[in-house]
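In what follows, subunit A forms one complex with subunit B and a second complex with subunit C.
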Partner chain A sequence: MRTMRSASRRDFLKKCVTGAAVLGAGGRMGVLAAAEEGAAFAKSRVVIARDAMLRGTGATVDSRRMLTLLDRAMQVFFDRDNPHETWKKLVRPGETVGLKVNALGGRGLSSNLQLVEAICERLQEAGIEASDIVVWDRDSDELEHVGFHIATGGNQVQCFGTDRVDYEQELVMHGSVGSRLSKILTQRCDVLINVPVLKDHDGAGVSIALKNMYGVIHNPNKYHPNGCNPYIADLNMLPEIRTKMRLTICDATTACFEGGPGYKPGYSWKNNGLMVSQDPVALDYTGWQIIERKRAEKGLKTLEGDKRAPHYIATAADAQHRLGTNDPRRIAVVEV
Partner chain B sequence: MKARGVLLVILGVALLLDASCKRQAGTEQSLFPVSNQVAGWAKTGDIRTFEAADLWKYIDGEAERYLKAGVQRVSTTDYKFENKVDAVVDIYTMGNAPGAEKIFKTEPSVDVRPTQLGDEARLSSQSLVFCKGAYLVRIVAFEESPETQQALLQLGQGVELRLARR
Partner chain C sequence: MSHEFNRRSFLRCALASGAALGVGEITQLLIATPAWAGFEKQDDSRFTVEAKFYEKLPNNKKIKCKLCPRECTVGDRERGYCGVRENRSGTYYTLVHSRVCAAHIDPVEKKPLFHYLPGTLAFSLATAGCNVNCKFCQNWDISQVRPEQVPADYAPPKLVAELAKQRNCPTIAYTYSEPVIFSEYLMDAADAGHEAGVRSVAVSNGYMQEESLKKAYGKMDAVKIDLKAFTESYYKDVVVAELKPVLASLVTLRKMNKWTEIVYLVVPTLNDSEAEFQGLARWIKTNLGVDVPIHFTQFHPEYLLKNLPITPVPTLERAKAIADAEGLRYVYIGNVPGHPAQNTYCPKCRRMLVERVGFTASQMLIRKGNCPFCQQPIPGIWHA
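== the complex of A and B ==
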């Protein structure tokens, strides 16, 4: 039975990825298309998992369904039959894992609590001690305000903001702006899992995986000119971020197509999904397209038409940064 | 003698600053309806105020738009309606009425309807935005219910009354 499920899922996955490769080939036939199909797994993968019944009949996300949704996304991303195996590929016992959430949007548009709980559950089952998991963002009050329970010390999942431990004294920089990094990143975490939110951003165009790193520095306000470009890409070049970042699990349960990054109910929709990738550029590119589709559906201009296309995504992919790819032909979007 | 003079100056400055802060706190307090001033609504949070230079600490990423429109400060607090619906009220004090109008008009109307409140207002199932003079008020509810829209409008009217007295 297990083998059958496995075969079936792999066949399905192969079809999805092949479909993406064929679409990317733009109708070209023969050797080139075949070569692209063969190289499909070399592409940056972005898994999008959705559950239309994620909230049941209410407004709140159902914890059990969230765990199932997370498992589905992770199993497809890592091509594993068992959800526990996926996490063992990602982390090792003894490591301290930081979940960089996003609490800036306030209630309604911050990293989903049930998602964070589900990630913590699976991390512990993979052998990570509860006290070696740190859920964090820049400010404890902001975390508390969106529903996280602040916890420091003891054998429990840790949750606090950089305000509790401060930023490093020393400035680090890539590009033109220097910043002090959160000590949670530099001193506490061995591994970083990015848990951003899928949302529109007044300055950058969109705020998804790469932009969420603004929460690890003391001076994000200095990074907003020129649509945050090249500042978002520059920031993500810092070795302290690049070397620790292992995965992005984007909360796309409630997403925002206009008026972000703060919560505005009229500009948000219940998308009931997650996005998983190890390529933050590919994830941001894919998220941008989702937001554009919703904007079109609502009769709004494209972000380009609104003079705020997320140019930082191309910068993050350019030869000076190489943080990932923004070329749709090199991105395999797998929807499950 | 000289040292005592310096101390007196420092003390004087400190007292002035303290008085200024208290006046500021009192001023912002008067913007928000107290609990049950509007039927069913209880004020559940402290008032927090962010001056223009610190606006990014509250709305990082959106601050530039408000700064370009001449924002001076924003004050915010939380409310709860009949122990069911949580909401947040943000009151932006702009430099002048055109500044408030500029923010209001640059936000596209999606799934909203105009409503009679202040100078201009928009109401949706979970939010109410209006401007009145140099103020822009945004009220956001976190739960949708059949009563939410009407309750938001009533809370907005309570805020408008407060603003009218200033």
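== the complex of A and C ==
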């Protein structure tokens, strides 16, 4: 059992800045203006936690520092001094919690193992049985390839792909494409925690929280035309996803600014961070800005200039979807 | 490991198919998951062959698929729209070569091909996947899935040819899902078939690029094209494709002198206007000629279009009447067992030349390609 570590809220507040300042995008509203306007409506919070020493002096993420980083992010997000309290706000004993990771990118750009371990540890401390935690994606081989240990029984954290249990026969649909959902989502999990990766995507522009749901359906290939728009938004409208999704913890330890979704070392950077939000649109919007900043730093065109701006984000926020907000004035980005 | 497609497993499927045909009623178009196949982990490696129709792009190991007009740009580790082609480090692979998920022995009339070896059997097979997404698809459980999601057998081209010959099938039919997406396999199987004296036919949506069509369907002895509608809006909304390339494919097949028949599935309220029938018939007459058979077939609610009724027979008869009036000589009505418009009549003396009951040709009077009564040539491939 690891030693519990917690940080005080005061420490965090010292480091917090508002979202508009973090985004720093040209033409965006300034801090004051955002604060004035923001008073009129509730903002979606996106917490970004970073630790420059997350990997110590090596290449591998340090498990202890990862747990601390996760605690910091969660405590700020849920406004709690004690990391246990944050998880108790999220899950209840007896629930089965699915961690939808992303193993598509291969080694180097899939959901970080230490992050998943840390989440599992905190879930168990919040009263969730190990066997009631399911770490999953579409394919067991892909999970194994990126380092997860496949486990399908006993009193341990479960880990397997939909290939082990199949998809539902019944089609579900929002918009124009019908799909069969993973039985892990429909039959196994009461709660979904989304654990995507911060990365560029050759079609959608970026692949962060919303697009990670492509891993819950049997036919993601039918959702790729037109920059995945409106398909990403449509998919996330499915009640089976919306009603179970409680939180996104985006792995931004290694992020990718070009050449995604597969891992390309030359186009990735050690960001050593996490992003936490309950608004997947706000999180995707914020992640997109981070990727744009990195692209600018590397002398690359904007995604718009590359004809693959992630228009799906605006669609997800529109009146037909209302999955969250992409309006920077309504997003409070908190860096800790 | 996947199953070896051997004689024993084939026999089981053939017997099941034969039993179904023996009922004497309309055989379900929907092809169930093959009964012989268990759900075992499939070894992908033997189904994985480099694709023929694509180009490598300069950046980030991306490729552009050149098989169909969609021209998917596919990043590393991703698949095209069809779901059966994958980019692996900048090389594009088909994942369905010899990966048969459905195989049956069908009458060739079931394809339907009415002017092609009537009364013979076709060794019919499919792999998973499709390059469109028709909302009425009868076979969506194999066409709209990824290959690893359905049980499949390993059926290399030579084995398919051998089995077809052994079972007295003069033809291999690539059907059920969409042969466009397994073009490499189709080409190899057609070559193996021809070496063994077995012909090949494709049952296709025709949504292909000209080069891939020429190379793949150049190896076919006949092609049936599903012309889903005669408007771009229908193709966009119901098929998720485009009409124009399909019309271009029909013209190309005509120029190649490839025996071609057309099926038009009449879906109530969506593609059943008189203006559309008229436009379609006129286009066929102008661009393909009056001798190309067209089958107006009855829609049955399925997949994502369960809210519409079965096509009324009078609607099909109206479509036929319009096409007849336009001068098309071989206009059929399909999926309506016992309808007289399933028979072939001589366009000159009007005598019945081929009588069909369900999918069976019960009477075949054409002799050496001619009407036996008035000697009018009847276009088609009539004798093996």
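Going forward, the second predicted complex is superposed on the first by the 296 of 336 C-alpha atoms of A that agree within 3 Å, B and C clash if a C-alpha of one lies under 4 Å from a C-alpha of the other, contacts with A are read in each partner's own complex, and residues count from 1 in each chain.
Heads up, the rule we're going with is that contacts are C-beta pairs under 8 Å (C-beta built on N, C-alpha and C of every residue); 3 or more make two chains touch, one makes a residue touch a chain.
Source: prediction; values computed, not measured.
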Overlay on subunit A: subunit C relative to subunit B, clash or fit: clash
First (subunit B), second (subunit C), both or neither touched by A:Pro265: first
A:Tyr214 touches, of subunit B and subunit C: first, second, both or neither? first
Partner chain(s) touched by A:Asp163 [first = subunit B, second = subunit C, both, neither]: second
First, second, both or neither for A:Gly178, with subunit B first and subunit C second: second
First, second, both or neither for A:Gly127, with subunit B first and subunit C second: neither
First, second, both or neither for A:Pro328, with subunit B first and subunit C second: neither
Overlapping segment of subunit C (options 26-34, 116-124, 134-142 or 152-160) - the one that collides with subunit B in the superposed model: 152-160
Subunit B and subunit C footprints on subunit A, overlapping residues: 104, 106, 201-203, 221, 224, 258-262, 264, 267
Residues of subunit A that touch subunit C when the two form their complex: 104-106, 139, 163, 167, 171, 173, 176-178, 201-203, 218-219, 221-222, 224-225, 258-262, 264, 267
Touching residues on subunit B, where the partner in the complex is subunit A: 56, 59-65, 86, 88, 107-108, 110-112, 124-127, 138, 140-144
Complex contacts: residues of subunit C adjacent to subunit A: 41, 59-62, 70, 72-83, 133, 144-146, 148-149, 237, 240, 303-304
Residue ranges of subunit A in contact with subunit B within the complex: 59, 104, 106-108, 201-204, 207, 214, 220-221, 224, 258-267, 298-300
